[in-house]
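The same subunit A turns up in both complexes below, where it pairs with subunit B and then with subunit C.
Let's look at the complex of A and B:
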């Protein structure tokens, strides 16, 4: 492949788009400078392709081909379609924060009457108002990954959440990304979650499409900072439309004695990539990061996790399950680095894939880099089909082929879902899995 | 009309013919024992009746209440009232026994156009049957057969038989892997299900099981055919003389 040529092709179309969009992007001065630098970093590489090691299973240059123009801000009709979609995906008892086509929609959100210790602002507001501390956190991600760089250049809106030291939020926060279904377009969002020391909160992120939304691109990122002795429970549900792209990145930093329980389920979108970096910055902390891919048709979903054990006495657990039917393609890359000082690290990763058809594909790439000598680390990966003897047993008891498969698939993904600590979040994940199973017929 | 009619059944597995024209007629209310040495085709017969994939029927037919059983999927056969108690019941981690029982019972009822059981009715029914079979409630919360002893697995098969109320029960080597006490409990469970509306086909290598489940008819299989049929006394004859005579005859 002629890399230089390909870069020029994709780069040119987009640099025009960046020039056009720039006036709509919030933030002047340092923010605008950072955007420019990020865009240049993106242009140097263009869309990631298979020769970039981190992206070798998800060749965006082949799969995505181009970045679509920035979505227009939602008009009344778009907001109406989004409201209809929201009704179908509403979760009881949560505080809704809605982004329609990448722009905060106050009319669909509940951003008022905040609990004590909770602060909510929009990215647009924070980048525009010159809040140096929050801006520094928002501009924190480096431009080494070209999709992160692109997001840094183009971020249009998002939610900035701050939870004060000691605050224990009772109501989960639910960030919902809705594609309203206008012309094919890209949306660029970035959210920030700052959880104070000894605070606790629950965050749900959903990605959905309004009726009629077909081709669109979600470019999202989330920056999370978890204070000392704080705890965050987190679930992501990717239920985008079947022609959509979802490229999301997250960067999580944990203080001392902190706890992060996170789970991601991908059943929607045509092509998706979730790349998350979780870094331990204080001792005695724990991460449980688990996920499930449920794919069919020609769906491609990539989960790439990086656990950075930079300090001693932290533990991490990764359980990942992929169920792949038809010509679907699931990718799991799990990298764990244990740095020289990180003694007494306890890190385990297990990934399993279930292939329901001969053409389904699953790539598992565990990677352990251990530079400390007193650690417990392990990983395992398996790929297989449904056990014929179990299927026959269930069918001999009256279950149809689909019913028997559904029961075994639920059992297969169950272990990852069981690891969700919160009962209500677990129910959300189970419902999303059941929606996928029901859609199989 | 007989409940089950197997007529001149010929079955291949891969390139090898296992059953060479087997015939068997079973009426409601009857208990038939099928005995024979290893490799005589006993388990093949049970698998073909239940619809296990991997067997090619090259000739003959199986009628169940006059309907062509071979045309039906395994789940359709179950809904019609065919039940195979497995020689080696499988373990299904992650599927709670209660969930499995309920899903299976409702799938069968739905296929027959009957309404689903309500949760209280279902629980009441399972508890009654489980208590009768000495199956603790704790076992029902575990994954299907996960961590069950050999005896517990067989009792779980009998539990399903009692719950699904099939009209034909095929017991494939029910005695394998059971000590005498476990065998007695399982056999008592089976005997409790004998009824004028239900037939049973008991497949066994040893006569021992037939002391507990006393058959009306005994058939001896050898090399893919029934070579002799008789009453329950035939089982005792076999115990004394062994299968060698039939292997020569076949």
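Let's look at the complex of A and C:
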């Protein structure tokens, strides 16, 4: 009964918020119509709960309770706090594109002086200007998942990146989401990455909080279209504040002979969920999708990956690692579907969880759905504690218990990090993991 | 070559749709009026001469059932079942009061003979030359809604083992039944279990007293004969401290164009140091090659390792039924208790299988093992769905799961949906799953050595399922091996 009550209450609060925010949301005509439909779709379900199979382990009605009102555009003070946070997380040699409280911050970004073949615009601009082709892609996601629908209804800003056919970008692009730490609020962003045929690029996404940022909600989505024979390297790092919520989705489509290498690391936020759909649209393509959850305290992190093998001769590899301490709760749901005509599919998925405390919890759901016979598909899952004999071996050689644990944990997550193709990005992930280990003491 | 001749003979013996047990026994039967209402429940209870508490129990379940909705999460599709268009009770009309096996309606005896189930103890006992070490099996034969015969009762009584139809046990051993019935699968457990609680008509009851090793295998043979009838049997097996029992279950039904419902509940309880081994060969009518007819098999099976060091082992060979919805589970409550699940699920034609297990680790140092082999052919869908969970206090819980699927042909589907939940750091879970088709190289190798394509597939499949077959009692293993070759015939190419 309580659940139903909570739903209507927050439901009302949110419909009001949507009505109030509508003027601030970019796009008219078709875009506004799509927003309305998406919002209605969200309202029919509300926040997802454990009775919805895909959200079985991440009951947002219990964990998040309500969607916060739309964040105000950042003022000068907010931008200043964001700039300070940015300094701490700056990566050398990348092109920075910064969203503060869900709004593009040109002052903090490097959106000018673009390489040949690279185009960068904001979502606000694209939705407002009536660019039909890009708009169609941005409005592509269906409203079946209520959190995606909510994002479609409320998206305020984001980055729209286009890479022309044949362009090979040398400089990685780095989208940074910063919560500036004003009043508790929600930010809704959506970005689009269109990679042309035979093009190549590197995209880094990170989520950070300025000092003093406490309760806030990130509702993000990313739409990626990879052209034939193109290659995209992608890394996402969730280092949000410890009271934050991060609900992100991504939808990736691969053309023929394309290659997508993606890695995600979650060490921040109180509750996070990353749901990614990767669909093969052309033959001979390859996906490597790896991830690591590093959790402690009462953190809850959910990674849900869906690989859609719709065409023959594609391959996919998934390696996922979770390290859970204290009362942390890690969730991994991996689903591989091999559709009837997708012969010669080669798909593998391996998920492993390491529990460091008796109150930690790891839930794994590696799912295979196979409709074609000439395929090789496999998945594996293990859950356990650190190996006592390995710990003893290291202790016997003079390492402290924490050092010994840290070494073993590093090796454990190393398998997932290793697959990152670019050296500098791998370093980025390793240092994020080390930060987590160092914080453990 | 002998093998070839054997295959040819087998093909000749079976009809186009390859189901051997599709015949119907013409016999007058006593039925409850069609449909389901409180009156139906009262009718069944009265037919069974049940005490008042049992009727209350049923009615409570029935009232709860009215408030429930059919589960939709399984990967199976079927038209809506009209629960008012079924007979919930059907019993062969007794010609007179039966006092010994010889007085059973010869039609029924013939049916079981045709099925290869020995009901005449005499024949069993006087069997000409018995190979050394062959075991005897006590059989409880359930025909539609009632148990028609239970063999070897005297001998079992001497050992102290109670093996009788559950309807009799309710009258004769009410304390035992009251103590255990519904404690593993509560009446409110799920839609089909609740329906079963309201209308179950018969099934087997086994109680093995402390320290007793049941002197023979116990077996129940279920047969649905009547048209438009649902079979709702309920089995309750209790192994008291230090007891051991091995129980076998077999099922067949005639070939009909309409779908029939089978919603059973099986409850197992093991106390300290006890062990139950439960084996099933399920061969209900699967429907014809067009997907018409067949049994809907919605079964709730669960074992409760209540005592320390107890063990429950499920072995199943699933080849029949149009739809299978079945998850034999183990609740590992006692410390050091062990659960096992060995399964071969073969689907062909239009069959849909959604089966698996649940291993719920509650006690300390509990272990479980899951070996599941799914084979899909034709246009069938075969899903393994399993849950392994360790609760906070389940220190030292261990699980190993291997679920492999084999696809034969490109129109079928094989799916794996495991749920692995660890809430204790000392729990160690391993899970692996693979899906593949039979390797061309392996087939070529066999064919090159003179096997036909079909034999080669049979050989590979038998190798594939070997781990599970080894767990079956010998009598069943032979039967299961035959079943496997029959289910797969015609699926090559």
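We take it that the second predicted complex is superposed on the first by the 435 of 441 C-alpha atoms of A that agree within 3 Å, B and C clash if a C-alpha of one lies under 4 Å from a C-alpha of the other, contacts with A are read in each partner's own complex, and residues count from 1 in each chain.
Throughout what follows, a residue touches a chain if its C-beta (ideal position, glycine included) is under 8 Å from a C-beta of that chain, and two chains touch if they have at least 3 such contacts.
Quick caveat: nothing in here was measured; it's all calculated off a predicted structure.
Bringing the complexes onto one copy of subunit A puts subunit B beside subunit C with no clash. In the superposed three-chain model, the partner touching more residues of subunit A is C, compared with the other of subunit B and subunit C.
When both complexes are overlaid on chain A, the residue A:140 reaches neither subunit B nor subunit C. In the superposition on chain A, contact is made by A:390 with subunit B only, not with subunit C. Legend: residue contacts after superposition of the two complexes on their common chain; A:411 is shown touching subunit B, with no touch to subunit C. Contacts of A:130 after superposition: neither subunit B nor subunit C is touched. Residue contacts after overlaying the shared chain place A:107 against neither subunit B nor subunit C.
Touch criterion met: A:400 reaches subunit B, while subunit C stays clear of it. Between subunit B and subunit C, the minimal CA-CA distance in the chain A superposition rounds to 16 Å. Looking at the complex, you find that subunit A touches subunit B at residues 387-390, 392-401, 403-404, 407-408, 410-412, 414-415.
Per the touch definition, subunit B reaches subunit A in the complex via residues 50-53, 73-75, 77-79, 83-84, 86, 89-90, 92-95, 99-100, 103-105, 107-108, 111, 143, 160, 164.
By the touch criterion stated above, subunit A contacts subunit C in their complex at residues 53, 340, 343, 353, 355-385. Subunit C makes touch with subunit A in their complex at residues 73, 392, 405, 407-437.
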